[in-house]
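Here the chain labels run A, B, C and D in written order, and each chain numbers its own residues starting at 1.
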Amino acid sequence: MTAGLLFDIALVVGLTIIAFRAIHAPDLFVGAVLYIVFGLLLALVWVRLNAPDLALAEAAIGAGITGAMLLDAVRQVGSPARRAPVLTRIGRVAPWAGAVGLGAVAAGALVTLEDRGGTLGEMVRGRVAESGVDHPVTAVLLVFRGYDTWLEVGVLLVAAIAVLGVRRTRVLVPSEPSSEAPPIATAAAGVLLPAGVLIGGFLLWTGSHAPGGAFQAAAVLAAMGILVSLLGRPPLASLSALRLRLLLVCGFTTFLAAGVVGLLVEDAFLRYPAAAAGWIITVIELAVTVSIAASLVLLFAGGRDRAADEAAG
Amino acid sequence: MMDPRDVLTVLCVLLGAFFFFAGTLGVLRFPDAITRLHAVTKADNLGLGLVVLGLALQAASLLAVLKLLLIWAIALLASATSCFLVADSALRGQGERESAG
Amino acid sequence: MDEFFIGVAIFLLFTLLSGLQRILRGPTEADRMLSAQLFGTTGVAITLLLAELTPAAGLRDVALVFTLLAAVNVVAFAHHTWRREVGR
Amino acid sequence: MSSYVVYVVGAGLLLVVGVHGALTARHLVRLILALNVMSGGVFLALIAISARGAGSAAGPDPVPQALVLTGIVVAVSITAFVLALARRIHALSGRTSLSEEDLE
């Protein structure tokens, strides 16, 4: 057995145990902390599988933003209600039986899956030069399967609208009450924020030829926005409602506009004219980054309904 | 005969791993949250620093060395702040809320 | 050298997993949060070691993002101490 | 045994833990954790398959990578929405689950 295999086994065993303990932790705060660790280990899995794009996204979104959302939410809704009654034997065994059956079928099918080769990946790598960018994952996201990414930006937009919809307040981003963040925290944020914005910009720029891109950059920028809002200054609160809406929809509409341009010039939706492909992709990526970052900040800050908080307090 | 640079890398990384081990030991064995914080923050950042130093010796370019040092610098700043915040929250009593685990 | 790096990575992974005890046992929230912090730093070191194994670019950026995001989580944990709120 | 088998079995295990959690958990926060674990399993399966075989020296197949990347973003959107719903339900009714009697 090689050392690498030992690492993989330890990682997978740890991941499974942590996942189970996170879901069934008696105290949901523990569940939230364990979920952060789960995201961290999953990011290590992506590192091991040589998928840095995913590791970046998982580190920023899975462990980072989702973790912050959970930590914040369990403060309000984490109080455990009455314990469930002791289940009958069937009640205990049946979920396990179903889950294990499903998992065994899935894992069994995958273990015995033949490697036939001839994947889409080879086609992508062969034709990446035609796309206008050099990094294959970015090429798939913005060119070869631009449709998916466009609609995915739409999903995020819908989620942001839905989160705003279930709140009681009509203010888009509720302003925090006067907060007394410790000076150490604000001073550290004074260094971390510019560093984070720089790293976000770097990830966006590097995405055209190396791992990184709009999603990862937006996640890092959103994390910085969340940091600011936790320190008592909601980053989007000072914007007028119109500007905020523009930020939210600019990614979706820019993508749509690029698609329509393709339809008019090249006769196919989202096909970019070869000469301008690089530029069009850059503009789309910029707009998409801004929109995703704004949506993620809103998903975090917008969900924190202060009136509800106080009623529950 | 190993390259002296490789020897240095091995030494630094091993020493770094030792400090991580010491930090984990402290977290598991020290009696309360404040002493455990002390173990985590000091031992881990020294450990990370030594690993970074060891790997910087292997780095192919100056840019890679700078990136490694940047990682360590951000880690130092972030963990010093985190240490303060967790200790602050523990001392104010909120973090002391016993939670069933 | 590769075998050495993965060996150290395995060692660090085992220290990380044994640190899980502290998250599960607590007893205070601060204990659990500081263990998660320990995991973050250890994860950064493991990522850097694994990055040495492949020529692929970008793995060090993952470590960079880890360090940055760990701070956000701790602030999310601690911010209730300075948020003046009704009833808490 | 290869790393491929380890990670595919790991994907199966995460699916088991996630499905079991989704079937037994009542608290909305637990449900969303279980859902995230399930999707983690599916993502792992996709990437494990694409990381093996020919051409994998240059990293996994970029197409599933792009799919999983969008999947991660969709997962965080759903998580945020469910958490916002849970807060609202809790504020209005004091409950933390969708069942009539408030059991954990």
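The definition used in the following text is that a residue touches a chain if its C-beta (ideal position, glycine included) is under 8 Å from a C-beta of that chain, and two chains touch if they have at least 3 such contacts.
The structure presented is a predicted model; accordingly, all values stated were derived computationally and were not measured.
Ranking all chains by how far their C-alpha centres lie from the centre of chain B, first place goes to D. Inter-chain centre distance (chain A to chain C, centres taken as mean C-alpha positions): 18 Å.
In this assembly, the C-alpha centroid of chain B lies 10 Å from the C-alpha centroid of chain C.
Work out the mean CA point of chain A and of chain B, and you get 27 Å between them. Work out the mean CA point of chain B and of chain D, and you get 30 Å between them. Within chain C, residues 16, 23-24, 26, 29, 32-33, 35, 56, 61, 64, 68, 71, 75, 77-78, 80 each touch two or more of the remaining chains. The multi-chain contact residues of chain D, meaning those touching 2 or more other chains, are 59. Residue positions of chain A with contacts to 2 or more other chains are 4, 11, 29-30, 48, 50, 52-53, 65, 182, 185, 188, 192, 195, 309. Across the assembly, chains come into contact as A-B, A-C, A-D, B-C. Listed in rising order, the residues of chain A touching chain C in the complex are 3-4, 6-7, 10-11, 14, 17-18, 21, 29-30, 33-34, 36-37, 40-41, 43-44, 47-48, 50, 52-53, 55-56, 59-60, 63-65, 67-68, 71-72, 75, 176-182, 185, 188-189, 192, 195-196, 199, 202-203, 206, 210-212, 216, 220, 223-224, 226-227, 230-232, 309-310, 313. Interface of chain B with chain A (complex): residues 74, 77-78, 80-81, 84-85, 88, 99-101. Residues of chain D that touch chain A in their complex: 1-3, 5-21, 23-30, 33-34, 36-37, 40-41, 43-45, 47-56, 58-63, 65-70, 72-81, 83-88, 90-91, 94-97, 102-104. Across the complex, chain C meets chain B through its residues 1, 4-5, 8, 11-12, 15-16, 18-19, 21-35, 37-38, 41-42, 44-45, 48-49, 52, 60-61, 63-64, 67-68, 70-71, 74-75, 77-78, 80-81. Considering their complex, residues 25-27, 29-30, 182, 184-185, 188, 191-192, 195 of chain A touch chain B.
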